[in-house]
Each structure stands twice: as C-alpha cells, then as structure tokens.
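Heads up, the next two complexes both have chain A, just with different partners, chain B and then chain C.
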Partner chain A sequence: MSLRTSISPPSVAAPPIQDAPSRHHMWQRISPYIYIGPAVVYLIIFMIIPVVQGIQLSFTKTPLVRPDGGTGVGLDNYSRLLSSPQFYNSLGATILYTAATVIFAVAIGAGSALLLNQAFKGRTIVRAVITLPWAVPTVATALIFSWIFNRSDGVLNEVVGVLGVGQQGWLVEPKFGMAAVVLTSVWKVMPLVMLVVLASLQSIPSELYEATRMDGAGALETFKAVTWPHIAPTVRVVTLLMTIWSIRRFEIIYLLTGGGPVDTTNTLVVNVYRQAFSNQELGRAAAIGALGLVLSLLVTVVYFMMERRNAAKEA
Partner chain B sequence: MTTQEAPPIPRPAPHKLRLKVPGNRNFSKPARYVMLAALVLFSGFPLYWMLNTALSQDSELYGQAQGWWPHWERLADFGDLIGSVPIFKWLTNSVVIAGGTTLLSLVFAVLAGYALSRFKFHGKGAAGFLLFATQMLPEALLVVPIYALFASLGLLNGMGGLILANVAFTMPVSVWIIKGAIDAIPYEIEEAAAVDGCPRVTILSLVLTPLILPSIAAAAVINFFDGWNEFLLAKTFIAERDLWPASVGLASFIGQYLTSLNSVMAAALLFTLPALIFFLLVQRRIVSGLTAGSVKG
Partner chain C sequence: MAKLSLRNISKRFGDTQVIHDFSAEVDHGEFLVLLGASGSGKSTLLRIIAGLTDPSAGDIIFDNLRVNRQSPRERDIAFVFQSYALYPHLTVRENIAFPLALDRFKGWHHIPGISAVARRVFGSSKEIAKQVASVSSMLGLDEYAHRKPGGLSGGQRQRVALARALIRDPSMFLLDEPLSNLDAKLRAELRGEIVRLHRLTGKTFVYVTHDQVEAMTMATQIVVLHNGVVQQHATPQEIYARPANTYVARFIGSPPMNLMTSAVDDGQPALGGLRLPAPAGIRLRTGTVTLGLRPEHLTVSADVGGPGLAGTVRRIEDLGADTLIGVQPDPASGLKMWELNQDDLLWIRQTGQTRLMAGDPCTVTPEARMASYFDGDTGLNLAPAETSAALLPG
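Up next is the complex of A and B:
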C-alpha cells in the first residue's frame, strides 16, 4: 500500500527529506544496517557460530547420538591426532590430491584455453563439449566414473584389455585409487580454469600482437612477452581457487572410494566425515576439521604474500 | 567489479581478428588438432558413456562387453527404464530444495548487495570480510556443528532445515554478484526517484531490481544448481528415503548393483540434463559471477 502511494503522486513538490532533517538523518544512519543486517545475522548464526562450536567441540569427547552432551577433554583430541600415523597419512593424501588435481587442472585448462583462443572450424562445439563436465552434478559424475572404473565390467578395463593389460581394480587397488580420484576431479573442474583463462586471453588487445609481430617475434617469444604477462594474474587466482576447493572437496572422493583403498584417498574432509558419522566421534572429527581449516588459511595467506611480492616487483 | 564486467567486452568478431594475428598461434596445425581431439575425447567420452549406458540392454551390462553404440530404440521404453528408481519423487524434492534455497538466498543477497553498493557505514569492511571469509569455510568442517545445532533445534530430517543450511553456503557469492550489478547502475537514476520522495525500499524493489534483472537471474541459476547438486548436507541431515533429493537418491546406487545400471544411468541423465541446458544458456555470466564473487575481498 505504502509502495503505491509513495510512487504515484508526482505532485509531492517538497521532498519529505526537508521536513524532518533530524529524523531523516537518524534514518540515514541506521538504514544500511537494515539492508545488510539480515545477511550478516544469518551468516553469524549458520557459519560463525557453527565454526566456534566446531572448535569447542574439538576440545570434547562427544558421541554422535548425543551431539550436545560432550565431556571436555582439553587438548586430548589434538595430541592424539598429532601422534597418530593415520592423521599424517590423511594430511599427506590431502596434499597429494590437491597438488595433483591443481597441477593437472590448471595445466590442461590453461592449455585448452590457448588452443581455443585460435580460430578453427567447429570451435563453438568443441568449446561446449570441453565445458560441459563442469555443469554435470557431482553425484552424476561419481556415478559415471564409478561405472567406467568398474573392475569387472567397466569400459576402462575393456580398453586396457585391448592393449593387453589385464583387469585392474581402479578404485579398489591402493596403487590406483588416488589416480582415479584425481582423474575424475580434473575432468570435472578443468573447464572452469579453461573458461576463466579464455576470458582473460580474449581481453588481450590485438594491437599488442601486431606490435610484437612487427618486431619479428616468434610464437614462443610472443607468448612470453605478451600472452603470459597478461594472463598470469588470472592463472594465479584460479590456481588459488582450485587449491582451496581441492582441499575441501568431499563428494567425488567419498562417493568413488570412500577414503579407501586402504586409506590412500582418506583426505582430511573425508576423514572428518568418517570420524563423525562412521566412528561417531564428533570431537575428534571437529579437531581434524579445525586442522584442515588451518591448512586452507595457510594457503590463502601464502597466496596473498606472493601477490604482494609480485606487486612489489612490478612497482 | 572489474572482473565481472571484463569478459563480455571482446566479444564482437574475434574470429576475423585472430585469423590475422600469427603471433597468437602457439601450436602448429597438426599438433593442435591432435590435442583438440584428445581434449574432446577426454571431456566428452564420460558423458557419452552415461548416455550409452542409459540406453543399453540389460544383458550387455554385466559379464559381456558393453556395446559402443547406444540402443536408441530404448528411448521408447524410457518410462519403464526409470520406473525402478523413484527419480521423479527425488527430482521434485530437489526442485523444492533448490527453489527454496534460491528464493531465500536472493532476498538476502539483494538487500545486502544494495547496502554494500550504495551506503557508507561503520562496519562495512567487517561485513564484506565476513561475506568473503565464510566462502572459504569447508562444508565438511561445518557439517558436524551444523548437524549438532540442527539436532537441538529439531531441524533434521526436513527440507526446511536443509534449505536454511544451503543458503548459508550460497548466499555470499550471490551478494557479490548483486553488489557488482548495482555498482554498474548510475546513481542518478535513484537520485531522481529519491527527489520525488520515493522511500529506499521502493527504489530498490521497483527501480533498481528491474535494472539488474540479468544479474539476479544469473545469481538465481548459480543458487539453484548449488541446491540441485548439493549432496553432503542432504545426505547428513535427511535419513528418510522419501525426502531425499535426487543427489542423495542417485548416490545410494553407487557401488550397489541390485538396481539395473541402465535404469540408474537413465535417472542420472534426467538429473543432469537440466543442469547442462541451463549452464549452456548462462555460462558466461556464471563464470564471471563466480570468479568475481570469490576473488574480491
């Protein structure tokens, strides 16, 4: 109702602003909080409080069946974690998974972007095909790849069978589990790298290429002098995002291997979930989660330090 | 905000331009085609295999080699094929969850994006930091305390609780997208309305919102598919099979072969297709929105 009355009459000669300056002033001061307030309060309730509670939980022994009935154990969860080989194995799996996924996704993604930045017939279709995996829901991705990797009837074994290799348990043998999980992850996330780098490549002014061509520069020199400096910041940002997302990636790993075979893909987030919902130890799960969070924060801090150094170098 | 606007600019006729630019060729021609073919095979094959498996005969799946070509005639009995999986019930749940997530998230995002774009106020930096930092928090870390919180509030095992939790994860990105969109609208338009005595709420809902509709649509699509794809929270919070979204329902078939795999894949295809179609429609905005959202502090 008020909406309609306030908008229709153009007859309001003097804006109400002048009528009550002090009231208006006060309103001006609180109104931003009315707009930002709901989002902030919401995030405090559903993000900040849970994080704080999670950290509190990590100092307790809390069974899953009674999530609010824990007993304080001090640093016990942490000291047990830091002295257990299983935790270091989990940390190692996280680092290996993250490093492999990020390196392959960024290399293949940036390479594809360079390829797709050139004109050729069917470019639109090729681009669409390469992009599609990113839109495939994670659960569908896991379903497809678990079938491709299937030991007895999967198509991958059919293909390697032609090459004279016997049936392999891609998801159940410790030597293959991590590779299978990384391959699936790269398939899924590489398109994002490609799209972002491609957008950056397309914003390079063509005059720059003209100029280097006039100078008689070859392809490699042009890449070094023009292309790379232009896309490097984008590649760095996308590498950071890929790293953070890989550290926290859960679904693909959990659905394909469940952390196995023999814990080879038991990354920190998978470990958190198993501790909480299989071993029903919420306290220990929260402690692993907190250490995982420290790892993500470290990556972010290192990234910003590197960015600052780069900025200083350029200045 | 610059990241958001940058990509669309170099759109017009890149082909002609690039053909004339030899310096932009980083690979020789045959090598380029080999690499492109490898890429297309790598990215396209698993999707093709999903289709091929969905349209396969029961007899080819186990024991003998699966054929390389889909049996298109199976499209005729697609209904029977997916009959053994309660996929329509699960898809309906997914629509409810994703729709609820989108609506709630957008309301918060439009309000907060407006505040961040148009006001100067104490604590603005802190609010921005909160919106930035919460994107870094891993779902798997939060799932335990949120589970504990919801258990005490009686919010487990319902779609309402799941929507509430989802919004916490999808809203920050939406706020950045909306803020970027409002930043790009000249302030003069609102000024004119303000002089006419329009309250801010009216300006926001009747003047600004229609102007940033494309960005709202992009944010809506991102939210919808976050809700559509979400698995971890749903799997943890909802035990009842009838209330599962399709993500959890389909995941329950992984590694078990009681239900024929072609039925499962057909259901997965129904779950995947809407995501693919929508993504192709709004791809450009999704990518710039995502990077804009996650990169700015």
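Up next is the complex of A and C:
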C-alpha cells in the first residue's frame, strides 16, 4: 500500500475543470431577491410613491375639495412659506418641542433605568408600573392629561391650589401651553427610553464591575469607566429615534392644544394638518411637510456623521 | 509580606453549601493552586479572599489582621479574571494605567471639563508612564499600547489583564482560571509567563484552575477541592506520589491511577491471581483493600504465560513520545477493576512505541513497591502522610 502523493504534473493533459451543476448555487443567487422583494414592494407603495406625490403636490395650488384638480404654481408655496413669520414660528415651536421632549425623556428614562438596574425589593413591580404609560393609547393619554390640566376642576390646579397658587389655565395660557404638551409627551415616551437603556445595562458583564471594585473605583469612576461607555451607543440611537418621533408627533399636541394657545404649540406637523384641513390648502400643507422631511433628514445625517466619527475613534 | 490564613470558611447560597469549613495557611511567596472540578467551590473561595463575596462564616486573615470587613481595594490584592474584564473603550495603555490614575483622582476631579484635564495630566505623568512602560515591556505589550482590547487576541488580552494586576504592586495576586479561554499552545506559553512573574515579584499567588497540568507545573502547594470539601493540601509531588484518597488519585494524572479491588491475605495484597509482596510501612488487614497503580508503574509484554497478570490488549493510543495501552484483564484472573476506570481497562504508559496491536494477548507486571493502598470503605490512603500534616493546621 503506498501513501505517497504525486507531486510531479501528470504526463497526460488533464481535462479542463468545469463547475459541477448545482441547484444550491442557483438558489443562493436568486433567494436574496425573493426575500427582500415584499419589503421593497411595500416601501414603494407606502413610502416612495406617497413622498413623491406629496412633493409634486407642494408645487401646486390644490383645494381640499378637489385633491386632483390642482394647478401648478411652481415654487410659489415655498417662497410664500419662507417669507411668512407664521412658518418660522412653527419651525421654532417644533425645535423647542423636540429639544425639550428629547432632553427630558432621555435624561429621565436613562436615569430611571440606572436606578431600576439596582437590586431592590419589588423591582419587577416598579419596572412594570413605570412601563405602563407607554402601553396607554395616545388618545387616552391626551384625554387624561387634558382633564389633569383642566382649568376649573383639573387635578393639577387642586395640587397647586394647596401650595397657595391660584387656578391656572395650563392649556390656554401661552406661557404654559408648550410646557404642558412637553410634560405629557415625556410621560408617554420616557418608558421606552428606560426599557432600551435597561436592556443595554443588563448586558454589561459583571466581571467589569468586579474589576473596578478590585481597582478601588467609586460609583462615579465606575460609571465613567464601565457603565457609560457601554450604554452610550444605545443612548445615542434612542436619542435619534426620540428626535425623529418628536419632530413628527401629532396626536398629543393636537388633542391637547390644537396648536394653540396663540400658536405656541403649532409645530410643523400640526401646521400641516391645519393648512390642509382648516385652510383647505393641500399644496401649502405639502410644502410644509416637505420642509419637515428635510429637517428629519438633517437630524439623521448629523447622527450618522457622529456615529462614523465615533466608529473611527474606536478603531 | 502577606501570610494568608483562612480559618473555618463556610459559604452557602440559599440552601446549598458550596464551601464546608475550609482552613488553610499560605506563607508569603507561595504559589497556591486551588484545584477542583466545576462546582467544587474553588472560584467562590478565591472571590471570598478577594472580598468580592462575603463568607457565611469564618475568618480571612492577612498576616495578623482580619480583613473580612475590608473592601477589595483595601485588601491590597489584584485579581485576574477568566474573561479578562478589560475596559473595552480604553486603550491597552489606559487599561494598565487605570488603577494608578484612579489612586490620584479626587472627588472634585470629576467635575466635567476638569476631569478631561485631570485625566490628561495623570495619563502623561512621568511616573505613571514609566511604570506602564516597564510593565508592558515585561509582558511584551509595547507595540499594542494604543490598541483597544477588541483588537487583541485572547492571549494578548490576558497579558494586559496581568499587566493591570502587576502595576498595582499588590501584596497578593489572585487568578481565577486565567488561561481557560486560551488555546493549548498559548496556555503553555502563559503558564511559563505567570511562573516567571511569581518568581520576579516574590508575592503570594492564589490560582484557581480545573486543569491538573496547570496545578502540577505552577504550584508550590495544591489544594484539591471536591464539593466544597478539601481533599488534600500538599505539594504537587506529594499529591501525585501519595494521593490522600481515591478522589485525588483519580483526579490527578492522565490517564489517572488504575484502581482495583484487592483481596488481602496475611498482609499480602493480590492483583487478580498475582500475589504482591507486603507493602513497606503499611500493615494491611486481612480482607479487601483498594489498590492503586499509576499507568507508568505497569509494564506490558507480549510473552504469554510469563509471571504476571494475563490479559488482552484492547486499545493503543500512540502519543508520540509515549504510548498508552489499555488492557482487559483475563476474566479468569478474578481482577475487579473500579468501574471508574476508562473503558474498564487497565491503562499502562510505556515510553516510545509498542509492537502490540489490539486483540493481542499479553502479560502485565506491576512495580509493586509503587502501589498505593486505600481503605475499601473510606477511600483514604493507608500510607502515613509525610508532609501534609505540617501544611494543614489543626
């Protein structure tokens, strides 16, 4: 029996090597398109076409009663928007609302996640209770808070009454309107931040905390060396999501204040609705929507640029 | 500097007791290995020494001070984790410098803005830089100084963890299965490295492992633990030569000691039909005893009918330098092997290669004076201990 392997080339010319027929190979080439196909169709029908139509609409003057009977007006809608103080007021309200909601929701959500990550008795129940607002339907949330904020018999006025402050019109006075809307929104969305950050906290290996104990690090050093670097990417993503969702939030604002008092909560999305269905100007509403889309895209682009810079720093 | 005494340590988690009344004295500069299978309580014991876990009862004493109440940091010890536990967002250099920089950080340094300046000042401090450089070059980490742990191999990561332990110049090093996540070649390499560090620092090392090779090659003392109970505390040589009981006999050695039941008549044990001379220093009572023979204390030959134990070769494992031969004793010989023995075979280690093949009849002869004898009921070694009594307190 010989185990020797031939190293020298065979003297007879070997037949050319061909690929063996393979169904597997065919399937591997085709299957990705089959898998992503439904998603692509969905995106085209429900995202791409509506966005394109919306942008088309923004170049027309279209009355609500005849959505397909618009007349082209070119950039007229945009130029009128960009020269109207009401639009800038709306833009300002959007930015103020978004910034306040995101800052408070992320700070309170991440903070309560850190607290709830500690071991204490009844932790599961507290977590469940804190998560509850997220499960409440938005319309119900808005109704509940409109009762809380009610001028004549709302709970909030009862409470501040005890403190010796007179009755306030939380939803009708310009100085309180935005605060009331932000408070309601934070109450509603904060639990999501908490849940996501909590999940991220729980994936930190316990050895890292033990290592900091061996090194004698205090709570603050441990947070800076272990906890924060670990949850920072999650916090960034959740901040991005919160920002985009806040820019386009409608129900809570519209149901509580309808954009008032005196347009202080008239964010871009509420403005779109009012232009389309109160002023019956579909074209102008579409133009506001298009500019809102630009704002959202801007946020996303900035986020991804930051992420890329972070990734470059990591490597 | 630090003599470690553990007195009557017990630990229970709920209803399960993981450590039963553990006591040991470890002199300064010793390399103590806690050896045991998983679930033996060895890691828990190490964490109790470190202060990461509190014992349910018992005292941990460094020199003459009871440290039970001290935090891990106050105990001035370093801990090396199996999973390395490096700070993933810090560079190798920053990881190593972390404990030193931490010592200098004061409360107000954490104020945002100031903290960045403070970190930079400490990070570039000449003293710290010098220490980091010397420790990194000692462990061959110079070229990785600016990489993050994510970009290192397992062996390099464990070196960084060792460097982080080393830079603190602690009075004691605790290592929890530091080599378990590495491949065989790296393990051998780092074994040598750790022994070198032990010699270099002269500090006490307590090392937890389930790997008997690590225990035998590195330790100056081994504690064999089983289900939270100490089986034997002795030098590696004694543990190998005179295992305290059948558990240790089976746990140490690869393949482990062959154990079989032996009938004793007039002080002379029997190996199957073969009569062995009465062992020196042990009086065997008439009845049965457990006889233990290491694979290297048996020889096998192809000449059938010679003096010895007749059998059939069943398995040949050629390891290159050695060959392991598994022999099935003749049923007629009446030899009763312990059921624990691998494949119910008598294992023999022979230097070099063998001409025997599976199925061949053969004769096995023991080196009778190397045999160990254990009590048939308690499993305790019947030979008197030489040094282990001195190591065990009380």
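Here is the rule we use: the second predicted complex is superposed on the first by the 275 of 315 C-alpha atoms of A that agree within 3 Å, B and C clash if a C-alpha of one lies under 4 Å from a C-alpha of the other, contacts with A are read in each partner's own complex, and residues count from 1 in each chain.
We take it that a residue touches a chain if its C-beta (ideal position, glycine included) is under 8 Å from a C-beta of that chain, and two chains touch if they have at least 3 such contacts.
What you see is a predicted model; the values in this text were computed from it and never measured.
Visitor: Quick one: on chain A, after the overlay, do chain B and chain C clash, or do they fit? Just give me the call.
Guide: fit
Visitor: Of the two partner chains, chain B (first) and chain C (second), which one does A:Gly72 touch, if any: first, second, both, or neither?
Guide: neither
Visitor: According to the stated criteria, A:Arg213 is in contact with first (chain B), second (chain C), both, or neither; which is it?
Guide: Once the two structures are laid over each other on A, A:Arg213 reaches both partners.
Visitor: Under the stated touch criterion, name the partner, chain B or chain C, that contacts more residues in chain A.
Guide: Per-residue touch count on chain A favours B.
Visitor: Scan A:Pro229 for contacts with chain B and chain C and give back first, second, both or neither.
Guide: second
Visitor: State whether A:Pro174 touches chain B only (first), chain C only (second), both chains, or neither.
Guide: neither
Visitor: Could you say whether A:Gly92 touches chain B, chain C, both of them, or neither, answering first, second, both or neither?
Guide: The answer is neither, since A:Gly92 touches no partner chain.
Visitor: For the superposed arrangement, tell me the lowest C-alpha distance between chain B and chain C in Å.
Guide: 7
Visitor: Overlap of the chain B and chain C footprints on chain A, residue-wise?
Guide: The answer is residues 210, 213, 217, 220, 226 of chain A.
Visitor: Hey, which residues of chain C end up touching chain A in the complex?
Guide: It comes out as residues 50-52, 71-74, 77-79, 81, 83, 85-90, 98-99, 102-103, 105, 110, 115, 148, 150-151, 164, 168.
Visitor: Of all residues in chain A, which touch chain B in the complex?
Guide: 2-3, 6-7, 10, 12, 15-17, 29, 31-33, 35-36, 38-40, 42-44, 46-51, 53-54, 57, 62, 67-68, 108, 111-112, 114-115, 117-120, 126, 128-148, 152-153, 155, 158, 187, 190-192, 195-196, 199, 202-203, 206, 209-210, 212-213, 217, 219-220, 222-223, 226-227, 237-238, 241, 244, 247-248, 250-251, 255-256, 269-270, 272-273, 276-277, 282, 285-286, 289-290, 292-293, 296-297, 300
Visitor: Under the touch definition given earlier, write down the residues of chain B that touch chain A in their complex.
Guide: It is residues 6-7, 9-10, 14-15, 17-27, 32, 35-36, 39-40, 42-44, 46-47, 49-50, 53, 61-63, 65-66, 107-109, 111-112, 114-116, 119-121, 124, 127, 130-131, 134, 136-149, 151-152, 164-165, 167-168, 171-172, 175, 194-202, 205-206, 225, 228-229, 231-232, 236, 246-248, 250-251, 253-255, 261, 264-265, 268, 271-272, 275-276, 278-280, 283, 287-288, 290-291, 294-295 of chain B that touch chain A.
Visitor: Considering only the defined contacts, which chain A positions touch chain C in the complex?
Guide: 205, 207-208, 210-211, 213-217, 220-221, 224-226, 229-230, 314-315
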